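Presented sequentially are two complexes of subunit A, the first with subunit B as partner and the second with subunit C.
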Partner chain A sequence: MHGDDTRPWTFYAFAAFFTLFVLFLYGPMIVIYILSFQGPNGGMTFPLNGVSLHWFDALISQTRVGDIAGSFVRSIGLAAIVAVVTVVLSVLAGLAFRRRFRGSAFAFYLAIASLIMPGLFVGLGIALTFRLLGLPTEWYTTALGAQLTWTLPFGLLIMFAVLGRFNRSYEEAATDLGATNWQKVREVTLPILLPGIIGVALFGFTLSYDEIARTALAAGAKNTLPLEIWAMTTNVTSPTLYAVGAVTTIVSFIVIVVALGSIALVQRRRAAAGMRTE
Partner chain B sequence: MSQASGEVAVVGVTKRFGETTAVKDLSLTIPHGSYCCLLGPSGCGKTTILRMIAGHEKPTSGDIRIGGQSVLGLPQVQRGTAMMFQSYALFPHRSVLDNVAFALKMRGASTADRHAKARELLTKVQLEKFADRLPTQLSGGQQQRVALARALITNPRVLLLDEPLSALDEYLRLRMRGELRRVQKELGITFVHVTHTQLEAIAVADTVVVMAHGHIEQAASARDIFVTPRNAYVARFVGGQNVLTGSVESVMNGVAAVAGKNGARYAIPVGGRHPRRGSPLWGSIRRDRIVIEKMAPGAKPTVGLNAVVGEVHTLENQGSYVKVTLDLADSEEFVAHVLDETFFAGSLDIGERVVARWSASDVKLLEDGPIAEEAAPAGAAMATAG
Partner chain C sequence: MAIVNPAADAFAASGRAEPEVVEYPGERASWLQVAPLVLVLLLFFGLPMLVVLAVSFFDFSRTEIIPAFILDNYIDLFRSEVTLRLYASSLKFALIVWVVTLVLGFNIAYFLVFHVRGLLFQIGLFLLCTVPFLTSNIIRMISWIPFLGRNGIFNQALQGAGITSQPLEFLLFSDFAVIVAYVHLFTLFMVVPIFNSMARIDKSLLEAARDAGAGRFRVVAEVVWPLSRTGIALGSIFVVTLVMGDSFVVRTMSGGQSASVVSALQNEVAALQYPPAAASAVIMVIIVTLMVAAILRIVDVRRELAG
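For the complex of A and B:
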């Protein structure tokens, strides 16, 4: 009770909770990764019947498990398009919202409201509308639109946070030093905001990459990766499923490393301006 | 080196932000080549004036003229102004050299030309060794000098400084304000410097403009602002003065005898004026012209002319003098600056009763409210409220 150890009981309560949280999040994931290396004759549960890359191989070679490779390419492509569109529109909207204009509050809430709409019905509604108009539903049309209703409000909110920390006197200083509006944006605003903009891109990409609710009914005939995996969970009864889990995790991990790496690179480049001025 | 005139004239300018009026029908002329400080508490409109001169805000009405020409609607480049921002606003992603060269890059100067000019300016502020650093790798004082060099590269005729020293620690602040003054003298251009620090304004400026609530309370030389404040607001804000108030008892030979609230009586010189008996009058007495005498325990508070009785409330050693604050029981604080030698020769302590005396010749008349004159020629010598 006495002595140096004066941590309150709440410390132990939260420590216990956090331990559970970590176990709950990472424990099952680790089990899946381990089981993906199951031997060729092993089943979907422990014990491991040898160790092999058999199920990763099956993932690529077997057509029976579904169109994993095709859906993967579609998902990456879609996520990239979503990331680009999200960055362009969120940055422009974020800059525009810095100034109060007529109806700006209304426009903001209208945009943000899409976050609380039930995703499944957003997707359904978009698909139905397209069908009514006689247009085909495709991953690059309806699914893209459905995902943007999810990523754009997020991107906008991130830009608000990024711009909230942006000192406007940088822009005034640029104007003061004779920069035109375009020079100001290109030479000062965008470079200073760049790390935040990469963050928006990362968010757009990952939100799209594992989106199911909005995409499910709007993707058309060809599935994205999460939809393909979802379908697999009901009809594939081999460790291939775990192999898919392991591969997609690696992809997500690479995306995050690339994003954080490019932010670090931006900062390093700035520091390196120390050696060599443009 | 003939240079366009950097005379800045603010002519009847009003600036409203929605419902609030930041600047009210304000006029001010700052002569070419002078150092002017706009001094006032936050929200008094001083920064708004600076930003209107710079073109970052547009006056609601009135005119801004530089070198006799209206600059309303002109871009910064054509105004010939340059601004140093409060936090310097150095571009964090550009080297010191590229920060300084920025304005020339915007004008399309070649890399070699603009870097040569930027290096020249960095040498002037003794930062040539730091040309390739990033701004964040410099100390506050160095950043301030980079900001100065960046602002000066366009050869402005007017340099506008928004609280240029507020981000620095005390030691650097004192050094850099001397440096600013030196640079201004050397370049011979107009400096307009916004600050809320009284001593900073007095230390650097030719002209100090004391502001409150969007208008000018007094615009005068630094010496006059300190020694002869125009009214009680300036006297209190600039500091260094005690404000005396009371009602006129009699007037003789240009001196009014005034009765204060606590039974104290003072003489306030009124020049050629004849304030009416019973009318209120304000005066100021410098804090360093006051003599403090201890009262013997149990002594009756016999108060003569030009003296007040009070209790020592606080003592602050300021090095060369001690700031003695008296509690006069009824009125505002009364402060005496006692020379360190005098103070430490005695044994004054908190809670002791003292008499503070001064000489009538050190008292200055303040113009607060119209001075009600007796038998004055119609309309003559009426002082108007600030």
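For the complex of A and C:
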């Protein structure tokens, strides 16, 4: 914008608007974290009737709440598998798209169609396919596949963004210096792409961990955590619901912080190494 | 800026400037690299969608689906008055949420791109907007319950301020609550693509317009808006398909009082009526595809990204 330091009045209007939006985004979430510490006799809304860990305790001890612990373990496991598969397949596919090849438009539009298809339909299709084949639906087969139809297109789009800024002269330099193809990929390409790859892993993990529409019909007998929470919304009318919300969001935040932290670490090391060589 | 438009790079990466040849160098390597992703998508997306199409022509009894080729599922669908009501409801939600998220998304992106100074600050605020996307949708949805309930925070505040004497009943478990939740969940899908488009606008264009005597509003209307239309189109596709395909938000936030096409379909699945559900899904996919095609007709995303 202008080089001078005075800001137009519209800046303050926009800043106020943006602040309101952030409040709209975070306010309700913060409120349920506060309400999850509701006293044993407290209800679903304010006022706080004392402060306690009662509802977190109920989460673990009460069986009528459902299989929170079991579904939590399943969801973490599933998210880890999805993250690994998403990273490997979308990095490979991203590299493929750097060259021109027949069928590239097909692969691209297949991924886009998979991304915008209503999630429940994908789950329905998978459930029907396995039913017709006489195979059971399980969280580690059908639900895994269903979630990949959502995380792979995201992973591919992130790789496009990352590779779009990739300077190929580094690879050419490696080749000129006598590196084999594999050395080039392992010691030049992948390290440069590392922050982007961490980003893909972050998306793969969290999108899987919170996924519901595609998983709902494809999970089989054992629920993932979001499905368990979804079941709770219809029959649990206590702050336990908020307690589970607080726990699951803390897990998401830990994953986000670890991912962003490692990206920052990689960048800092790179900057430091760059300075040493100068 | 750290975030660039992914689709543009897809086309850029496919190297459109190269001349047409029968076999491209390194094509086999590319096929090997892209094959695992394509196979997974064909197996868990392509094939299941074909199965849905096939099952939509099947017959069914109370307990099983019977392979056949009948049109009854479609005929029932088109004869039922409920179908029209459900589509009217889904389209109404899609239209309202599209307008609201577009207004919010455009202004937020505009603020981040043209008003915020400093790359780190810009990235920080962008992350602030995107982090909720990586947390649970269900939790973000139910977090409106203590706000909107009969004895919720809004009603307490309104009554406390003496604006209303009785709690407003329409706040929770209503269409209003459904729309609030949609806007809360989906605005981000508008912000990110529009942000990407705007970040690519050459700032000197804005100065040129200003120097030529255009006011603030005209600069936005005649420079920023047209140059952001790729992002607006992509964001619109995301929001419209998400709302049209939703069943979970409409169920929870309307308290079962409103329905959408997909929530009705979910009921059919729960009742093991797979063929009618499949027929309903096929029609829905056709309608959503037409809507996406209409958006792409207004804004040729591919040409704009390539050009």
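Basically, the second predicted complex is superposed on the first by the 251 of 278 C-alpha atoms of A that agree within 3 Å, B and C clash if a C-alpha of one lies under 4 Å from a C-alpha of the other, contacts with A are read in each partner's own complex, and residues count from 1 in each chain.
One rule holds for everything that comes next: a residue touches a chain if its C-beta (ideal position, glycine included) is under 8 Å from a C-beta of that chain, and two chains touch if they have at least 3 such contacts.
The shown structure was predicted, so the numbers you read here are calculated from the model rather than taken from an experiment.
**Student:** Which holds for A:G134: it touches subunit B only (first), subunit C only (second), both, or neither?
**Tutor:** A:G134: touches no partner chain.
**Student:** After the superposition on A, what does A:G178 contact: first (subunit B), second (subunit C), both or neither?
**Tutor:** A:G178 contacts subunit B only, not subunit C.
**Student:** Please work out whether A:W230 is in contact with subunit B alone, subunit C alone, both, or neither, and reply first, second, both or neither.
**Tutor:** Second partner only.
**Student:** Identify the partner contact of A:R270: answer first if only subunit B is touched, second if only subunit C is, both if each is, neither if none is.
**Tutor:** In the superposition, A:R270 contacts subunit B only.
**Student:** Just to be sure I read the superposition right, which of the two partners does A:I192 touch: subunit B = first, subunit C = second, or both, or neither?
**Tutor:** In the superposition, A:I192 touches subunit B alone.
**Student:** Determine, for the superposed model, which of the two partners subunit B and subunit C contacts more residues of subunit A.
**Tutor:** Comparing touch counts on subunit A for subunit B and subunit C gives C.
**Student:** If you stack the two complexes on chain A, which partner ends up touching A:N167: first (subunit B), second (subunit C), both, or neither?
**Tutor:** In the superposed model, A:N167 contacts subunit B only, not subunit C.
**Student:** Once the two structures are superposed, pull the subunit A residues common to the subunit B and subunit C interfaces.
**Tutor:** none
**Student:** Show me the residue ranges of subunit C that touch subunit A in the complex, using the header's touch definition.
**Tutor:** For this pair, the touching residues of subunit C are 3-10, 12-15, 18, 24-27, 29-34, 36-38, 40-49, 51-52, 55, 65, 104, 107-108, 110-112, 114-115, 117, 125, 127-129, 131-132, 134-140, 142-147, 149, 151-153, 156, 184, 187, 203, 206, 216, 237-238, 241, 244-248, 252, 262, 265-266, 269, 274, 277-278, 281, 284-285, 288, 292.
**Student:** Could you pull out which subunit A residues touch subunit C in their complex?
**Tutor:** 1, 7-8, 10-11, 14-15, 17-18, 21-22, 24-29, 31-32, 35, 44-46, 85, 88-90, 92-93, 95-108, 110-111, 113-114, 116-122, 124-126, 128-129, 131-132, 145-146, 148-149, 152, 156-158, 160-161, 163-165, 202-203, 206-207, 209-210, 212-213, 216-217, 226, 229-230, 233, 241-242, 244-245, 248-249, 252-253, 255-256, 260
**Student:** Could you pull out which subunit B residues touch subunit A in their complex?
**Tutor:** 54, 56, 75-77, 81-83, 85-87, 89, 91-95, 97-98, 102-103, 105-107, 111, 115, 131-134, 137, 150-151, 154
**Student:** Mind listing the subunit A positions that touch subunit B in their complex?
**Tutor:** Spelled out, the residues of subunit A in touch with subunit B are 167, 169-170, 172-180, 183, 187-188, 191-192, 194, 270-271, 273-278.
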